[in-house]
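In this document, chain identifiers A, B, C and D correspond to the written order of the chains, with residue numbering beginning at 1 in each.
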Amino acid sequence: MKQGFIRHFTTVAAVMALGLGASVSGAKAAETIKIGSFLAVTGGASFLGDPEKKTLEMYVEKINAEGGVLGRKLELIIYDSQGSPKKAVPFAKRLISDDKVDVLLAGSTSGATMAVIPIVEAAGIPYISFGGAGVIVNPVKKWVFKTPHTDTLAVRKIFNDMKKNGLTKVGLLSGSGGFDKSCRKQTLALAGPSGMTMVADETHGKGDTDMTPQITKIKNTPGIQAFMYCGFGAATSIVAKNFKQLGVSVPHYQTHGSASMSFIKNAEGGAEGVRLPAAALIVVDALPDSHPQKKVASAYRDMYTSKSGDSVSTFGGHAYDGLMIVVEAIKRAGSTNKEAVRAEIEKTRNYIGADGIYNMSPKDHLGLDEESFVMVEVRNGTWKMLK
Amino acid sequence: MSLLRLENLSRSFGGIDAVDNLSFAVEPGPIHSIIGPNGAGKTTLFNLITGLYKPSSGKIFFNESDITGKHPWQLAGLGLARTFQNLQIFFNMSAVENVMVGMHLKSDTRFHASLLRFKSIVTGDRLNRERAAELLNFVDLGDYVGSETSSMPYGALKRLEIARALAADPSVLLLDEPAAGLNPAETESVDSLIQKVAANSVTVILVEHDMRLVMGVSDHIFVLEGGRLLAEGKAYDIRHNPDVVAAYLGESGRVR
Amino acid sequence: MFAEFLQFLFSGITVGAIYALVGLGFTIIYNASHIINFAQGEFVMLGAMSAVFFVSVGMPMPVAMLLAIIITIFIGLALVKLAIEPARNASIVTLIIITIGASIFLRGAAQVLWGRNFHSLAPISGNDPIMIGGAAVLPQSLWILGSAMLIVMALRYFFDRTLIGKAIVASAHNPLAARLAGINARFVLLLSFGLSAMLGAVAGFLIAPISLAYPSVGIMLGLKGFCAAVLGGLGNPMGAVLGGLIVGISEAMTAGYISSAYKDAVAFIIILGVLFFRPSGLFGIRGTERV
Amino acid sequence: MNLATPRTGGMLALAAVIAILPLLLPNSFYYDIVILIGINAIVCIGLNLLIGYTGQISLGHAGFFGIGAYFSGILGANYGWPAFASMLAGAAFVAAVSFIIARPIMKLKGHYLAMGTLGMGIIISIVLTQEGDLTGGPDGMPVPPFSVFGFSLYGEKTWYWVVGVSLLITVWLALNLVDSPVGRALRSVHGSEVAAETLGVNVPHYKVQVFVTSAVIASFAGSLFAHYAGFITPDEAGFVHSIELVTMVVLGGMASTFGAVVGAAILTVLPQLLTVFHDYEMLVFGTILIGTMIFMRRGLVPTIAALFGERKE
């Protein structure tokens, strides 16, 4: 009679223990500086996470080759959250309490970042996010910083350029991802105060292969003067192609989400004439030598293209700046004490990065302003910087 | 007052009249058989009576109340139970549990009671389990009480289906080819089982090809052919009815 | 206004033809084995990605297409040998999980081999649209629609007229009887997956110029292709094409006239509506329960 | 008290594991994983009643999980409802919605049923994504902690016991349901609908009943998850999550309540183990899925139980 009880107990317990025991990772060398990261390396947002992962890996390797930081090697632990906040949360807890990392450089998407913030704030660990949404640092959270330009900056830059060309009636198309929806929310919010009127507001789904219905509807909106698209990844090229096929005549604006060579190459000529705000990194060749970012941006561009074989994108730039800001902060703090490193990150002043010049403060955990964006236009297959 | 009465019942499947304007009545009495060559519409008739198929036209009366178009689970409540030509055993359950499903209508099936395991559920199950064991003994499956259905031989499963049908305390039991695929010894035991069932005041309606079984056990026989009633009567009359013989042996077999 | 309607219609046809082509892949395998291959979307992805790869290493387009077909067929056969055959008489749920496992495996392999960036493929006859009644039609979508029709006719001829075709259909309806009649069920299964993989590859490089190619392109395509096949009635090639067109056009019309945000939701509502009134699809054979 | 039956033996074994486990969990990461196992197991137990016992299929049950989560989120954060009230409201709404959907959808069979439920789940996740001003859209929304009588549940340790007890209750309820006339009626639907009908089992009624039951259980689990995680996104309702849940049930062992628990445990822990493979993670995961379906067709627990030579309940 006892037999049944023992049999059940062993079955359930054995499986549980096997699972949990095996995931206790090996012992760790005491003195390495541990950088924890979870990125959307695969899945829908892999277009963000992949360059970020490659950038972190190549630069940690480079820094370690040059003797590491404070004489200590950097150890990089990266988990693939596949862009899903549901997967990001356990990885964040694993990095903080199991791998016991010193600093977090993670969260390719805003959704994943927002889900992890409560954990980071409770644990008290410096966290630099690669998520786009402004809400990540607004209202300011003690331990949370971010390097990517917020969509607020991008939208304001776009509106300024539109106003310069006398365009005030804008038709908007946006995707269904976190980046797309947050960009749409900012656009609709800033339209009024910037004197713009949104005459159309259309959406397309994840993985859609043809946006002609939405673009046709926007094209036929009476009084429309400019078309704007919020999105990133393959959809940016499809929208550009459809835009050209439908022969839409109004100026075509997109966001820094499309700032990569893949966007131009895969739009098969549809990208011609598209204007968008981009980090200086993207048009590094067109920058005058006097431009403060010229040296840093071209060094990063050369390193990235040679090591990864892909063209450079602003998303890789976010990771580069994040890593460098943390390394500088640790050097200035002289230790990996979390409170000290956090304070130093907050004191980052006039840091020249690939994506812009960072001036952080207790009230601004991003430190970028519109100047970090450069308006560019696609001319015969490459980026041209606009004055 | 007839137990079961069909009035111009017909059912066609895209042009084929499986059952064609059939009318006959089954009087209370122990064992009735429905025979006829393959494709005569026997199983279709069973499916119409037990509500699995809806008739194209005509009516069915059970104890003189119209049951045309009723769902099978409503008919089970009126005391109609059946077995199937090709086995419909719940292989995901044990032999005893199969029989216990037969007692479904008389068990406590209140959702909250089952969820919170009320006393009535526990005692009810214990009684049903005992009765199921009795029924298995009744159909000579005593030594299969504790076993799984997946390990039982074909003959035993045939009898399990009968025990399961009996668990619903039917007044009429429809047996669809109970002897199909059985060897002579097993057929013999089915014969005695049918008689045992009939002896418990359960009217049995049998569809069967094994003439020796039919002629041996039936009080009344209906002969179907091409979905129509060819003849009905006592076993002796049917055996010597020229139309019946012709239906089976073809025109050359017609006895002048 | 009519031009706008035409434009929505053409977009619906373009997308519908894509779903139809993917849906046909489901139909072939279902016809032969009553299995729904949830890795069908990945066959399309493999066709597109391998074609892009071969073009990028300098192969001319036709050679790249041929190689893409060969590779995808090989993977389709490997899928049968390694995953489907060992689990032949498993339940529907188990087979669904196996094909989902296969789709995850193939996606993982594509990412390791070809990276995670998105690529495009040159269209067969240029990118400049043909103007009809004020609406733009892509030559590529005409290629897709044309090949979908061609494939349906070829399939209809194959399944109705040729001996092997009938063997496939026979072994789907009654595997035991088919085996007794001397039909080699394993060969039929291999043939159907190979055929469906070839079709997936063809769909891949026809679709790539429009939908672009990246490792996870197969997920949504597979889903919508499944919708097309089910809407049309599983196992009916013509049904899959019509189902695909209905899904595509309803998406485009919803985006145009109702709300682009709920475009996909409306497409699924239509599918559910059809299934509720015709539980085996528009043209599916309504089998009665044989007891 | 017969220890051999799954009811008492199994329950005691699970209770013992839940009681002892905290001694083995070194830090909050492990607590988090075990709590997620518990929540997934609760959903899988409900789903197992539908798939394993009644032989149906649903590729959309994460939709109900998502509705439960968002009811707790929206009512809690925007309207200040107490946690219990929003949880019950979510369950009531899911019960109503699933009842209305169940009647037509459960007429479908096999692949068509898979398609119908897949569509249902996707529609729910689209609504959660597009209704941004209510649900916060794809970037999700914060959920206040579970407060009851002023005392709010916070931290892994307290949640461990909340989820542990909820899991035990769910297992107990499921075992009761299975080992009763209703349970046998559900299993008879799986065995042969035709035979069940002729024995008086109102098959459509029981299909609807088990569909609604599994939906409500998913909704409760969704609410628990929302308050525990503190942040939810439309991914909770997405079809990827639905497929994960079905895989847990099938992997653990269909028609086995403890199988559902073990399946949930394995598929929650596996991604943490597979991080070792980095880029090859998906390759390994796909292979494991295929392998277990081929070699352990009846699922893990029934196969192991069969090794011990005893039919697993």
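Simple rule for what comes next: contacts are C-beta pairs under 8 Å (C-beta built on N, C-alpha and C of every residue); 3 or more make two chains touch, one makes a residue touch a chain.
Owing to the predicted nature of the structure, the values given are computational and were not obtained by experimental measurement.
> If you check the contacts of chain A and chain D, which chains show up for both?
C
> Relative to the centroid of every protein C-alpha atom displayed, which chain's own C-alpha centroid is closest?
D
> What whole-Å value do you get for the distance between chain B and chain D if each is reduced to the mean of its CA atoms?
Roughly 41 Å, centre to centre.
> Provide the C-alpha centroid distance between chain A and chain C, rounded to the nearest whole angstrom.
Chain centres of chain A and chain C, defined by C-alpha means, are spaced 34 Å apart.
> Could you work out how far the Cα centre of chain C sits from that of chain D, in whole Å?
Between these chains, centre-to-centre, one finds 31 Å.
> Please compute the C-alpha centroid of chain B, do the same for chain C, then give the distance between them in whole Å.
Their C-alpha centroids are separated by 47 Å.
> By the touch rule stated above, which residues of chain D touch at least two different other chains?
126, 130, 194, 281-282
> Which residues belonging to chain B are in contact with no fewer than two other chains?
52, 84, 88
> What residues in chain A touch two or more of the other chains?
If we look for residues of chain A contacting two or more partner chains, we find 42, 176, 203, 205.
> Please output the residues of chain C touching chain A within their complex, sorted ascending.
Touch residues, chain C against chain A: 4, 7-8, 10-12, 14-15, 18, 107-108, 111, 115-120, 122-123, 127-129, 136, 138, 207, 209-212, 214-217, 219-221, 252-253, 255-256, 260-261, 263-264.
> Would you mind writing out the residues of chain D in touch with chain B in their complex?
55, 173, 176-177, 179-185, 187-188, 190-192, 194-203, 209, 255, 311
> Under the touch definition given earlier, write down the residues of chain A that touch chain D in their complex.
1-5, 7-9, 11-13, 15-17, 19-20, 22-24, 42, 78-80, 84-87, 89-90, 93-94, 96-98, 109-111, 114-115, 117-118, 133, 135, 176-178, 180-182, 185, 203, 205
> If you look only at chain C, which of its residues touch chain D in the complex?
For chain C paired with chain D, touching residues are 30, 36, 82-83, 86-87, 90-94, 96-98, 100-109, 111-112, 223, 226-227, 230, 234, 261-262, 264-265, 268-269, 271-272, 275-276, 279-281, 289, 291.
> For chain D, which residues are in contact with chain C within the complex?
Spelled out, the residues of chain D in touch with chain C are 51, 57, 59, 104-105, 107-112, 114-116, 118-120, 122-123, 126-127, 130, 193-194, 239, 243, 246-247, 250-251, 254, 279-283, 285-290, 293-294, 297.
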